[in-house]
Amino acid sequence: MTKSVPTQPAWPRNAWYVACTPDELGDKPLGRKICDESMVFYRGEDGKVAALEDFCPHRGAPLSLGFVRDGALVCGYHGLVMGCTGRAHSMPGQRVQGFPSIRAFPAIERYGFVWVWPGDAELADPAKLHPLPWAESDEWAYGGGLFHIACDYRLMIDNLMDLTHETYVHASSIGQREIDEAPVATRVEGDDVVTSRTMQSVQAPPFWRMALRHAGLPDDQPVDRWQICRFSLPSHVMIEVGVALEGRGGYEADPSAKASSIVVDFITPETEHSHWYFWGMARQFAVNDPAVTASVREGQGKIFSEDLAMLEQQQVNLLRYPDRRLLKLNIDAGSVRARMMIDRAIAAETATARVAAE
Amino acid sequence: MTKSVPTQPAWPRNAWYVACTPDELGDKPLGRKICDESMVFYRGEDGKVAALEDFCPHRGAPLSLGFVRDGALVCGYHGLVMGCTGRAHSMPGQRVQGFPSIRAFPAIERYGFVWVWPGDAELADPAKLHPLPWAESDEWAYGGGLFHIACDYRLMIDNLMDLTHETYVHASSIGQREIDEAPVATRVEGDDVVTSRTMQSVQAPPFWRMALRHAGLPDDQPVDRWQICRFSLPSHVMIEVGVALEGRGGYEADPSAKASSIVVDFITPETEHSHWYFWGMARQFAVNDPAVTASVREGQGKIFSEDLAMLEQQQVNLLRYPDRRLLKLNIDAGSVRARMMIDRAIAAETATARVAAE
Amino acid sequence: MTKSVPTQPAWPRNAWYVACTPDELGDKPLGRKICDESMVFYRGEDGKVAALEDFCPHRGAPLSLGFVRDGALVCGYHGLVMGCTGRAHSMPGQRVQGFPSIRAFPAIERYGFVWVWPGDAELADPAKLHPLPWAESDEWAYGGGLFHIACDYRLMIDNLMDLTHETYVHASSIGQREIDEAPVATRVEGDDVVTSRTMQSVQAPPFWRMALRHAGLPDDQPVDRWQICRFSLPSHVMIEVGVALEGRGGYEADPSAKASSIVVDFITPETEHSHWYFWGMARQFAVNDPAVTASVREGQGKIFSEDLAMLEQQQVNLLRYPDRRLLKLNIDAGSVRARMMIDRAIAAETATARVAAE
């Protein structure tokens, strides 16, 4: 017997996505749509993060308009108290045993992020979290932000897996002509896709001159520059970037001769045509200087807002011409392979669902 | 022979709805959509209120962009003059006898409101107006306002027929824990639904302490509090509310021992997912003090704007999950029965229309 | 063999439309949708205007977010350089010979406007440009502006081919009761439709009193006034307007006894329910006084913004009642015939396309 199976989704469901940052979860619950699911996040018992469907089983009010009391989520309309498993806990003057449950989503707080698993709860394994060693090391500092962007999350992956665009979109900060001219190399490592580019003996652009100064290095000499973009399922892109004094080994140079960081990109689908973009930078220079964190964060925010306008307009254009095929050039190899990884993960989930439905 | 009959509407059509307040009808006509009909309201001959379709039969311009001259509505585009029956009256250089008519809607100004009948004009009977004796009495004062709310008008009826929500939505003004704890009693009186709740020996919340002071009563003693919500077709909810000094008979107490008022709610559908909410309070304390009217009005406006956010988000959620059944608890009995009254009225109109069409 | 033919379009495609004014084309390219085509305009080699589809063949980004370098349009995302014929010219590190082309639209800069031909490029003939002799004469001055209006471009043509509306929409500036009372005469001249109205011995309204003063004429005496509206395909309306001292021949009066001008209206469809309205006035009084140009422009802008509100609301109303037929009065004869010209032009294009497809 065959039951109906959902149509091809636009993202893998059985994966950990970044849902929010801990500072977004204060006293009030947080409502956020992720992978087309309206969710409410809050700190339950012992301050542990919980995620539920944002829908009160009594009258359908959003639970995110409610409040947290004694580690339980209270609906702000008529006071139904929800437990973190999605079962009604209590309601003044009512017996709640027979109330319908709502979905609870596995959620974890780690590495300075709150992660959620939109798919089958039984498959949610904390061991599958994307490892972020720098997030637990004193030798690194991190700062970042969040944008809501009205385009398919995959357009952002395309953007980040081909940094050629820096020359054009970010001409005044991190772009430079030599990026265009350097060939890219793309390889697959397990489920990851890595695309890299190195530039020998170039002038450092403004951002990197700043970084060199903070690292105690001269900012007016030729450098070797690298960009190593790593895509991981479901939709994370970590980009190792840096400059080393010329001829000192580039990416492999001794730490005393280089300035480097990791551009951190968690790209969480909201709907098919919008996403939450958690961006940031983990750096190994001036790690104890909060002013540098603030300044890097501000600069990065400006740079990434330049992408935002381009991506949202690109989305509008693509929706106008749904049948037009785009080019897949050598510079697009990274994003083409990343999309293949995504498609393969979706197909595997769909096949599993079909088997389970038979 | 069977003609086509409109599909099940979302509201009774043959009923008087509040359309606007007289102060909204100045020199300019007023355009307002009511029960999915675009209407224009203006003062015709002798200042009498008239309501027409907001559509000029010449070129389709909205008549509400025009002006009133000598008691006739003049289209602001090319000067077609409409009579209050929906027939063209005149037009410079034109013979208008053959012009198509537009609909005229029965309209009445009474009790401080303008009422309109969106259904069959022949059935419009002023005697069917909802009686508002307090509106014509010197012993009462009234103040109110108007909100446009993006939700089904029935969600507002639900809201008003279950005041449990006061504890949560209006915690800082009229809510108090004892509301939750007091059982509700629901009864049907003819076409009306009445749901009531009494609280014995409670502390008066801030609003009622203010009212007690204005009534010349102590505000720091226990009181007996009551809430009697009365739904009348098509969509009116009058709520008798008050407090009496403890043990003096509550609702039945002598006027010298209590402070009371009527929360007035006229809920006029605009579209299936939006409505006009005319709210106000008729009170029997400090009736000659306009400062109290202003203060009560301001406080009530703040309280009702708390409902607005909740209701609009509830609507969004319900549209996301159209197939999900909501719970009907004992506290929901009033709204459940009110909706039954509405459904019955709609069904009766539909049956009549079907017979007429045969 | 019959191929599929597009459904009936809402405008002639094989015609010159005003796309923008030269001052809108500075260093940055300009993105504008015209006749439902997303176009990008820029100055190519030698400053010559070019128009392309606003879609980069690489990844679909809008080319209008890019920049112009050495007379070529560079995509602002990854640097693809487009030639003005719609073929990719170059891209860093890429061979572009096999890249798909995008559409190039014939474009001409003349008479102070940039014109574009949205239809078949082979048919684009500069000789078919609407002649504007005043635009190349020292005896005339011109000033104008641009509005984006959310209504079918044909509603604007209706508006301009029946100036009865001036009495109502523009009561305080150019309207006067006598417009209503004067009969209109409508005639067809080739593909043009001309509708005219004269008023004998009237008081000049404010705008024309100003014009009389600038022409060195008394502004307090009766005048003969004329309005001659001329529609030309695809959607241009030129209106000769003026006043002459009473009894001096009206429109035919000696220039020393009159003040006159041409209201210039280029009405360019954007979508089926929106258009670009290029409005202005070419005048023969005070031609060397830029302050008069500024003042006339400001006044005209105010007057035309009164039409804007009416037209957008009329469009909303018409979409609500798609089946309701509008009246075609004698005052509507000009617009009725103009629409017949448009329909005929569309039908001729459709027939040609059908023959070509067979």
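Chains: A, B and C, in written order; residue numbering restarts at 1 for each.
Convention: contacts are C-beta pairs under 8 Å (C-beta built on N, C-alpha and C of every residue); 3 or more make two chains touch, one makes a residue touch a chain.
What you see is a predicted model, and the numbers here were worked out from it, not measured in a lab.
Homomeric contact chain A/chain B: same residue numbering on both sides for under half of the interface positions.
Superposing the C-alpha atoms of chain A onto chain C requires a rotation of 120 degrees, rounded to the nearest 5.
Averaged C-alpha coordinates give centres for chain A and chain B that are 48 Å from one another. In chain C, no residue reaches two or more other chains under the touch definition. On the side of chain C, the complex with chain B involves touching residues 158, 162, 164-165, 167-169, 180-181, 183, 309-310, 313-314, 316-318, 320-321, 324, 326-327, 329-332. Taken together, the chain B residues at the contact with chain C in this complex read 38, 54-55, 57-62, 65-66, 74-79, 91-94, 99-100.
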